[in-house]
């Protein structure tokens, strides 16, 4: 066995030597830009817990987190990012943040019933709490100072309107996580303004499975001429599906990432509904800093909507440079 | 006749537990050497040393007169020592022929493919030589009777050139008929010119086929006798513990068996 | 030689089994029956299922499962589980991508690095298993969690994101895409290269299992490791080799994931390990080892592919997708068991 290990070590070494002589002439990390830093506030250092329901490995949350981190850097804040996709687990994270006596909590309320008790307790304990991304119907009853996000149903409705104005006939709404209320609301919202929509459920953690499922649906129903995905990676997989199924359908999506912005630019994807996740993270942290240093609140008791905004061929060029920084 | 395999003053200790002390034993061609002993007497330790699973820690094991120490079961097999274990002789879900050639597969051709036809043919021939009839060699071994399984294992050891074959309690889990079947093959193996080490705790089975008898107790040899100088009664008595048995029977004399279970009275 | 038949004729206690019974006692027969039933069901209810052009889609869905179900079946026949097989695919894809991207290397360097890493992970699983004597269920459960964390952590350190960066603008991508992500069109059928890999892996693994010495050893170490060791089968090497085979196939699947989609999400692959195991079990592999079939596992993957896509083709209410999938799998396994019992009784 040790012999085998030695062999694999040897192979690793060989690969490293090979690597020196095998540099890529294009692409890679070096060709990406360095991000710029804003100035830093001289207010006392404070600690903010940032608690989301993100599943590990979802690119959307990268953008939220980057916004939060940028605001934290500017505001001299020690940001503690934590996540648990499981409702009670996330609620526990809120409780532990209160126990640690943090100066503020930013929290997503995707599962409001599970979160309500602990969030209310935190607010009563005098810890300022803001909500973001999920829970637009529930945050006001919990003593939360403000909400930053988009109304998924409104965003869905906007997407439906755009489908209708594009002249689409029938759309497929790809739900990549069965039982996720926010995703259902997007599809249902789109259905309100564009009734001819059919849902399909796929497993988001299995990309080849997503591709095959969308392909089969397109083969089954030739009338489908739009695929509406609810996350950027699934839009990219659907582009492949359309090719495989020799379908004439076009892809539109919710949410963006760097690859998707490129795909809009090259025309593979028509448009994306952008809820500006970077802004959600940034505003959540910044609003807590404002509250702590100046007593300000944002939104006047109403939700502050960060979306829906659209990215399409008209404005993609301006978004692209920010996407390359990983912030759109 | 000289011994193929001989042990002189062999001992084995695990930490400070002496599982085996000063055991001497020799196995000759065409002879059945029976090793008897109660549970925990050191029988399985002895097998492990001879079959190459554990090294011995004292004394000398010699093969054809020169000292050896087996590093693995493969070494022991290469030296012509085959072990047939009571329960782990064969893989139950594999077919008879696959089991027969397990670890010694015949291969042919450029791709070193298994030579299935030859293996089946040889397997059938070897089994029929031993008088075992298994019509479908593709049948899993689990569908054979316990005796048949032991016999397949013995036939396998003989075919693969074993000079010494160690049988670990081959009759322990079997009924009277099946035991008879196995004992018949023990004799066949002996007649085929092998040295047989027959491990058992049944003196009756041992006396039916044995040439030489060794009794182990608490890791030591307490009896080492040739058949000529031994009767079945003495072997049984020695095996049952000699003095200990006498003591036990003295103790039990006070208990009237008839009192414990009253005879059923006709009504 | 006719001794077998002669002896059989002489001894009438154990009758020779008729050919039909012998065929029916093959481990993959149950899954074949189930596959035919499911095929006929969807043929009857789903119009697009009947369209020859859609065969490619079904085979693609089956192939991505089958490429892993084959080595997982071998491993299960060898008496072990690998719960890390699903995330190991993601690890393979990520490692190749990140190495090439981070250092600006030709992507083939990443491909080779990933191969070494994936096989090393398999070897580590096997080594740890034999070293500690713990059940493989626990050891690979540990690896499963470790890899899940490493996938996420390393990706974030390297890219600042949770998905690997796109590498389609780098040297060697085109040729690597041709090897791992290309497709051919035969008549109306569009076939992905994974289908070829799947068929090749199935044929090679079936050949190794049934026609080589190593195959005999795999059955033996799974059926009775003690008996195998006693007759000189290298039990440790066989088991470690099986884990490395899983690693190799994880690499192949990971490379497809990478070059088909250009980026790899670091959270992918969780839950797929059970799909692989289920495909193997449908195909007749015993959970306890020592018995099973590679061809059966591939048929199991095909059943999965047909069911997954057949529901879409039939246009059924997708709310019940998973329920239907579960019922299908149970039925397949029950048919499998039933056929096997009937065959054993004859």
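Observations
Each chain carries a letter (A, B and C) given by its place in the written order, and its residues are counted from 1.
Here is the rule we use: a contact is a pair of C-beta atoms (placed from the backbone, for glycine too) under 8 Å apart; a residue touches a chain by one contact, two chains touch by 3 or more.
In UniProt terms the chains read A = Sugar ABC transporter substrate-binding protein; B = ABC transporter ATP-binding protein; C = Xylose transport system permease protein XylH.
Remember, predicted model here, so these are calculated numbers, not experimental data.
Two chain pairs, A-C and B-C, are compared here, and A-C has more C-beta pairs in contact (counted per touch definition above).
Closest to the protein's overall CA centre, chain by chain, comes C. Summarising the inter-chain layout, the chain whose CA centre lies farthest from the centre of subunit A is B. Centroids built from CA atoms put subunit B at 70 Å from subunit A.
For the pair subunit A and subunit C, the distance between mean C-alpha positions equals 32 Å. The distance from the centre of subunit B to the centre of subunit C, each centre being the mean of the chain's C-alpha atoms, comes to 42 Å. Under the contact definition stated at the top, not a single residue of subunit C touches 2 or more other chains. Residues of subunit A touching subunit C in their complex: 1, 4-5, 8, 11-12, 15, 18-19, 22-32, 55-59, 61-62, 66, 178, 199-201, 203, 205-209, 211-213, 215-217, 219-221, 233, 236-237, 240, 244-246, 257-259, 262, 326.
Residue ranges on subunit C touching subunit A, taken from their complex, read 46-48, 51, 53-54, 56-58, 60-61, 64, 99-109, 112-113, 116, 119-120, 123, 127, 130, 148, 151-152, 155, 158-163, 165-172, 183, 190, 194, 236-237, 240, 256-257, 260-263, 265-272, 305, 308-309, 312-315, 318-319, 321-322.
Interface residues of subunit C facing subunit B in the complex, by the touch rule stated above, are 1, 3-4, 7-8, 10-11, 14-17, 22, 211-213, 215-217, 219-220, 223-224, 226-233, 286, 290-291.
Put simply, subunit B touches subunit C in their complex at residues 51, 72-74, 77, 83, 85, 88-94, 98, 101-105, 107, 112-114, 116, 120-121, 124-125, 128, 133-139.
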